[in-house]
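One structure, pasted below without further comment.
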């Protein structure tokens, strides 16, 4: 296991699955767990405290509303923590975003966009982090990026079917 | 000790002192402690977990920015937790407010206004909560409320010095 | 009757019913009444003024838009008042939230999240308040919280059906 | 007395004085009173209920934060009520504005801009309302408007001292 | 004709019809016209300039987005102008609201809530304004308000069908 | 005169002067005039209606709050109109921005940033527009852009005095 | 080719097609290309750098979310660039708008409204820009504007089918 | 050089210096450069394209307003990019935050808080990223975190000097 993907509720899975999909694409081993900052705070403490010893390198945490999971995971570990603001019902994820990104000095969360794009990019950024010491993985990311570029270049005309 | 007043940073004290002042007015015993959700998460867990056993009846928690302290305190105790959004530098406390108030089903934080007014009212609401089983305290609150009303009634003309 | 649940309009009931459901779970007696701050201001004054004498211990008030009901109920009583911002059509409850939470010094409303989660938690916080002087109720709340934790722990894998 | 100017706190006077100044300019009789929706709710009820009988034609109400004064005044009278959102400390009057303007169907508040401009215009709109049945006053308003136009036209070059 | 109801586009009619319905209820004569500040600015100038001479007493103007109609109508007349922020597609009427309410000193628009509630209340406030010099109309408004109150009082239990 | 710079109030000049300064740099002739949409609507109509005939090619309009000047100028002319949202006191120009940019289909305003940067860029964009048919001016703009680039490149180290 | 219409993704086409339709109406030649600032940054650099030499006079760029396309196109060319904030899923285009309009001094983007209205108006403003040196095109725009006005004037009654 | 710290303007240095200070604390080699997305786009392309080959492992990019630097740096490299929203004048960094964090699928920026706290944490997160393959650095971070915790624990009483 290189990456731990945690989320505050099972209902966050359709969003967070996008992070898992990106890790799959790069054949990076990961685990997915529901860890609620508010309903299972001790599990959160245990999970984050033991993460480095269990071999995890990066934690991806997604939550919505008063989204405390990413910041509290970061409070219990020195591993890099990436936060995904899940789109909330009333405020559309603005609450999730501010709750995750506005961390005080000394405990950091690298925050991605609200919703699916953010989850996808959390998987990608986790891969980029791992690739800082894994040249083969970096090549895979370069290839992914090139493929992505080529896909756009191949269909330059938006009006075409 | 009936009430625990906690805050994420010593810099929150000028705001949170207003909660203490209100409790002083009603002669309610309280303690004040810096407990940072992000820098001292274990202290937070210990503080909140042991709060009921130590005789606390209400917790008042103030924090700014990605303000996780009130919600995480609530995650570790069944005591009523009141949250005070401290005014933050860039977003003026809107981030603090949303981080505190938008809690998910099952773990509640009674949130007050941003800044000093919110801290004052957290002290008042803590007193009101204690007064649900303390008729003498309820009388004191009634008297405070009446005095407050009389102060306004005594100076009806805003243009007067 | 321990708790009075009031709301500005019958259309708020689908939201506020969640507060009632939570009180039912703890077998706390309550009453539900439509009290409009704007259309029935005298009823509001009478309701709140007489609430303590009628034996109520906590008032839960839900309203949307220019949501004046919680704050005005608090203006007429010394009982703890909990406010639920009902999700509004255009501004999605941001107006309701700010109208309820930004109370001035001296009259407090403990505000919960926008919408159903907030209503559920208003019921829970009312129970927590009553439990400050009712050890049996506190045990029930502890049990509810433990059950809630166990439910999350029992289904750790979000990807599983 | 034709117009009642009320405000939630003496600290609102520097803002609300602008409404009084505008009425002075049109020689419209008015009274100014501190009436706090939250600290003196009974005074508010009495003030608004008796306003029409006392001869008032328009009420101007200014308040900040969870600004309930204009809406609650409107709840107790059929006179036209104009609301002035006083600029608040943290949220700069956005909370005041939404609390005043987002009234539900059936009880109206004519809302002006945040702060001094809004107070000035509340005085002007009150005059315009009275002028719907007072041709002489309407002439004065026309003259004021013309004078205002001429002042701008007289100094067309912004770069000139 | 006592009241002119204007709107920026025919698509605003479903909202603005609520203002007309309220005037109908009080048997107040009105006219409804599409006047676009941006597409028919000369019509706007002519309409507003001639409004008083044509006997209008109040103008109700509804518009969405960069909603300039109410403020520009007010620029061309000394009659009271009431503004209705029509709910816009992307920003849900927040743009309409700020464009209408934040008028500078010297030209006033009495602004109502976003959407249908605001349109209804614009009709009501227009009636209240006319009633400042029409005791019979004031009685009708009092009766409407009482009926509205009675309707709420008649169905106090929100849980009842 | 190639460019007309108009603004709602003399107090907008410190902001709008930045547009004039940019035009000066490119030796483009311009005029500056206070034209208030609300206080001098007829002047606005006349100014914009006659602008093309007077030889103007572009209009730059700055205003704050309920900023109707740019949109209304655009309503009276087919010339390109550029809008500058002047920073307002309470809402810091968010109201100005939304009032200017959210124009309906059929009447366009090219909107720049809030405040001085926006005014500077309005001058620049006006020059760019004129340069679409003036190769010499385009060369001057290219040179300005190159100089701007070189200035940054000449001081690559932010820590250096 | 006079105008280049670029957009960050093929999914922006339903919005951006409105710009093309407006250009079609004025028989202005244009090209449409998907150019992603993030996925094809070199294409963006090449496209914008070569635009003037290829004979383009105006660039219209649409993008959503962290919408960097318009500003980066402007960074690589001295041609006028018009930006269209595409409505985003979570934040409804507020993020797109701020990302496009808040450009620093020295590189300008003329920003239009969020969504379809903004795209339509980008086409219109591009035509207005070209018309500053093309009297025949200016006549067409005048005619379009007159027709638009006449359409509104022809159906003054909003209540009519 | 392990880390490249870039910023859009020399005026961002007082903010971004906090990132450098954190890297200094961990004795991580870094370079600091002004790279403006808008004024030096080619430098940005060159800088980011060559970053990996020059041995950089992480890029920290700070910018304000329409903050395109972090996202565009990420567009030109597969290295992890961390974004710092610099507090802007009018909108207080909300524009900077949304411009940086709301990246589309496929190009990621790990975003930190607005202003100094965000810059400090960008330095910390860069260190955490490097520590995923550097046990000694991870020990230093653990020590820093422990020291930070101890500092809070050493001064538990906020009221004490």
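Which chain is which? They are A, B, C, D, E, F, G and H, in the order written, and residues in each are numbered from 1.
Everything that follows uses one rule, which is that a contact is a pair of C-beta atoms (placed from the backbone, for glycine too) under 8 Å apart; a residue touches a chain by one contact, two chains touch by 3 or more.
Chain by chain, the UniProt names read as follows: A, B, C, D, E, F, G, H = N5-carboxyaminoimidazole ribonucleotide mutase.
The shown structure was predicted, so the numbers you read here are calculated from the model rather than taken from an experiment.
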Any chain touching chain B and chain F at once appears in the list D, H
Partner chains that chain A and chain D have in common: B, C
Separation of mean Cα positions, chain E and chain D [Å, integer]: 18
Could you put a whole-Å number on the gap between the CA centroids of chain D and chain F? 34
Averaged over CA atoms, how far is the centre of chain B from the centre of chain G? Could you give it in whole Å? 51
Counting in whole Å, what is the centre-to-centre distance of chain C and chain G, each centre being its mean C-alpha position? 48
Listing for chain G: what residues touch at least two other chains? 36, 39, 65-66, 91-92, 94, 101-104, 106-107, 109, 113-114, 117, 148
Got a list of which chains touch which? A-B, A-C, A-G, A-H, B-C, B-D, B-H, C-D, C-E, D-E, D-F, E-F, E-G, F-G, F-H, G-H
In their shared complex, chain H is touched by residues of chain B numbered 7, 10, 12-13, 16-17, 20, 32-34, 36, 39-40, 43, 65-66, 89-92
Where on chain B is chain A touching in the complex? 8-9, 36-39, 41-42, 45, 64-68, 71-72, 74-76, 88, 91, 94-95, 98-104, 106-107, 109
For chain H, which residues count as touching chain B in their complex? 87, 92-94, 113-115, 117, 148-149, 151-153, 155-159
Sort out for me which residues of chain D touch chain E in the complex. 18, 52, 57-58, 78-80, 82, 97, 101-114, 116-117, 120-122, 124-125, 128-133, 138, 141-142, 145, 148
